[in-house]
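For reference, chains read A, B, C and D in written order, and residue numbers begin at 1 within each chain.
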Amino acid sequence: MTVWGENLHEQRNEAVRAIYPEGMHGAIARGIAEHLGGDAVVETATLEEPEHGLSEARLAATDVLTWWGHKAHDQVSDAVVDRVAQRVLDGMGLIVLHSSHWSKIFKRLMGTRCSLRWREDDDREVVWTVAPSHRIARGVAPAFVLEQHEMYGEFFDIPVPDELVFISSYSGGEVFRSGCCFLRGKGRIFYFGPGHETVPVYHHPEVRRVLGNAVAWAYQPAPSPIETSIAPMSPKGWFEEQPP
Amino acid sequence: MTVWGENLHEQRNEAVRAIYPEGMHGAIARGIAEHLGGDAVVETATLEEPEHGLSEARLAATDVLTWWGHKAHDQVSDAVVDRVAQRVLDGMGLIVLHSSHWSKIFKRLMGTRCSLRWREDDDREVVWTVAPSHRIARGVAPAFVLEQHEMYGEFFDIPVPDELVFISSYSGGEVFRSGCCFLRGKGRIFYFGPGHETVPVYHHPEVRRVLGNAVAWAYQPAPSPIETSIAPMSPKGWFEEQPP
Amino acid sequence: MTVWGENLHEQRNEAVRAIYPEGMHGAIARGIAEHLGGDAVVETATLEEPEHGLSEARLAATDVLTWWGHKAHDQVSDAVVDRVAQRVLDGMGLIVLHSSHWSKIFKRLMGTRCSLRWREDDDREVVWTVAPSHRIARGVAPAFVLEQHEMYGEFFDIPVPDELVFISSYSGGEVFRSGCCFLRGKGRIFYFGPGHETVPVYHHPEVRRVLGNAVAWAYQPAPSPIETSIAPMSPKGWFEEQPP
Amino acid sequence: MTVWGENLHEQRNEAVRAIYPEGMHGAIARGIAEHLGGDAVVETATLEEPEHGLSEARLAATDVLTWWGHKAHDQVSDAVVDRVAQRVLDGMGLIVLHSSHWSKIFKRLMGTRCSLRWREDDDREVVWTVAPSHRIARGVAPAFVLEQHEMYGEFFDIPVPDELVFISSYSGGEVFRSGCCFLRGKGRIFYFGPGHETVPVYHHPEVRRVLGNAVAWAYQPAPSPIETSIAPMSPKGWFEEQPP
């Protein structure tokens, strides 16, 4: 799997670098690796690399991709966005984090504006599990607290999630659908709210558990063989001859 | 339509009677009538009436039923619960209010425990619209405030709502799926959280608007003719002869 | 409301013109008008008009838009597609018909490939209601038959419908989710499978009833005032000052 | 896991016994075992055993239960039904097969009538995957054929499935939502249509694969610790003291 990071705040903002000396992508990768079996390969890629580190070959070898961006959504090339979208529709998992609600790739796959309310004012966020049998909630506390976090609030302009796993409250009174699953094409997508760059949220044990669970959920060892890149003319009886 | 009220708090508790001199069912009925067209007939029924006011004839003439109960769920006869359930499955709308999450009728139709967390401690509740295009959200503010209300919090042990219209936050930090639609059989069900007896919540204009919208949404002028009370043996070609 | 038609088959193919002397859009408009109240205004627009008949002013005045296209999806200008998409997200209803599953506007709003299997071989299609309490199923038979229709079959590469109203079978053995609702932004979208140009499907009474119901369902007299075109910074307590 | 079988047809009907000399439950158990890892324990239980083979101890040790019944739904004791329901709500998986759509346990958990149309007339059934990324569809063909099977058709009076995995067509023209997931309490439920007793459907390789996948999907190594059997009074700040 591949952890993609914009990697700009970490370079330009000392406070962020102090929290994430290996970059936010570094912390995300470690958090996921903690929760995957020992033979999982967790690599990273960043905006500044050629093709943002997401070449055809790299993506073809990626089964799950996580995405964190904020300041530079516009600098992500349309060609790469298109490539990632096709891979998701072909079965690659995608985990979209925090401010990436406004990334090109998320808006493309959702078809909506993906806007929300926000405030940086040291709100306390409480994340609540509302789908206890979901794979992504496995082992996660009924509620966990982020002592300081940016407020992200409703209305969040997304399609109705196919599965709603977490809802957050903020001390200012807002609520937010902060853990949302979407099935698109042959792929699985998870949006997760926590992840503001100025607080050590990706060092939080419950957040790391959610990331690990999300990757496990989004991973498919062998995506469906159903062909969706064309609209096949199908003569009568074609399915009788399918191999079992 | 019929507004059903347990009508016990109002008789036994002066503070409740002071808020609801016509009974809670009286206030609910007025709130709904405000929002329905002038020719709507809004009647009431209560626990103490014969058959709880829900005879076969009464139910047959009811297109939407609202339900508020709390102290006396167990006193509702199983025969009446069964009768109401059959009417819902046959197309009658049902609006389930507040503490009625633990009513026999709601648990029967949901199949789950319908438990939740609660606290009476003067929390401020903020009700958020998360389905702006839903009929029940029509004209409702993006967020409205109940200055004092009982806390009802997750995990709320209901099936995943078919449509989630409102989510509430509480000043204590909890969240609650407070506006939930369920389609069952040929009928439509709406659960709405607000309604604690010791605060004048059914006098609140936004709450009344939601009640009116919910009745409008749950109402069907002519429920589907599909027969569900039997499992019909259907010879080949039976549907060719259906009237158009 | 506005009925949009590509209007190419009707001009170029005599067989189609014989079935639809007023154009397919003409038949669709009449079918809808039959089922709406007498004061409904049903207008039409076609590809060849300036801006395809969908100027800013026209769209601003349109509360529900139906769309039928097939041969010339690529000739629809991206500017118009973008304009229609924004109107849907702002609350306009959209009814997407038959081969328009591959229209730019549908693919944009879905975010998936929208591909499917197909065959022109005189299959009999049977359309089944699977959501009897849905507004779009009101008065529609449990099953209705299109004696000859193009086969459209699964896998249909759409997001999971927010409400699945109809499923079709074909004499060749395929199935198709032929009546699908999607909520996007503040708008409502309905995809309906029937509509191949060489058979008189838009003269079929049940099809016309579905079209009328779909327009009634997608119509909102006053879309939500929630603002989604920006992501507003929201200071603490902002919602306390909202007008009721 | 435990495979429960009514085990009456097999004893009374030679034709059924010829197809299933080990009982239908025996074939189901073998089919599942083929697809689970080698250390999975697949046991069986039948109606005639004391407590139908589903004692408290047995159920406590069961992580997933499959259920096949037909002639004797009424002979299943209410106490056992209640016990199974509680276990599902506490996290046990439940796979409900074919004619068990009318079992007490399924109706209890669904809250609807669970009726459907049916016909025994040698229809060909084709089972279509409509959720290619779902765990239960893993490795399953886009469509597979049961040459002869009882027709089960819409309208199937169930709640809207939380996930719809398969839709079947029949040569008579009917359709059926034949693979349906429901999340209830902390448990996962899957209904699967195939399984008429007079045809060797549980020897079919794709059917066996679906059964194996369904058990893998419904299994939870450690159901959520969220308590749902009570409605806990929760003082302010209670969640601050939760262990991480």
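Convention: a residue touches a chain if its C-beta (ideal position, glycine included) is under 8 Å from a C-beta of that chain, and two chains touch if they have at least 3 such contacts.
Everything numeric here is computed off the predicted structure, so don't read it as measured data.
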For chain B and chain D, chains touching each: A, C
Label of the chain whose CA centroid is most distant from the centroid of chain B: A
Computed distance of Cα centres, chain C from chain B, in Å: 32
Whole-Å gap separating chain A and chain B, where each centre is the average of the chain's CA atoms: 37
Where chain A touches two or more other chains at once, by residue number: 126, 129, 131-132, 142-143, 153, 155, 160, 162-163, 173-174, 183, 185, 226, 239
List of chain A residues in touch with chain D within their complex: 91, 126, 129, 131-134, 137-139, 141-145, 162-163, 183, 185-188, 205-206, 220-226, 239-240, 242-244
Chain B partner contacts - residues on chain D that touch it in the complex: 85, 89, 102, 108-113, 115-119, 121, 151, 153, 155, 157, 159-160, 162, 172-174, 182-185, 226, 228-237, 239
Residue numbers on chain A that touch chain B, as the complex places them: 124, 126, 128-132, 142-143, 153-156, 160, 163-164, 167-171, 173-175, 177
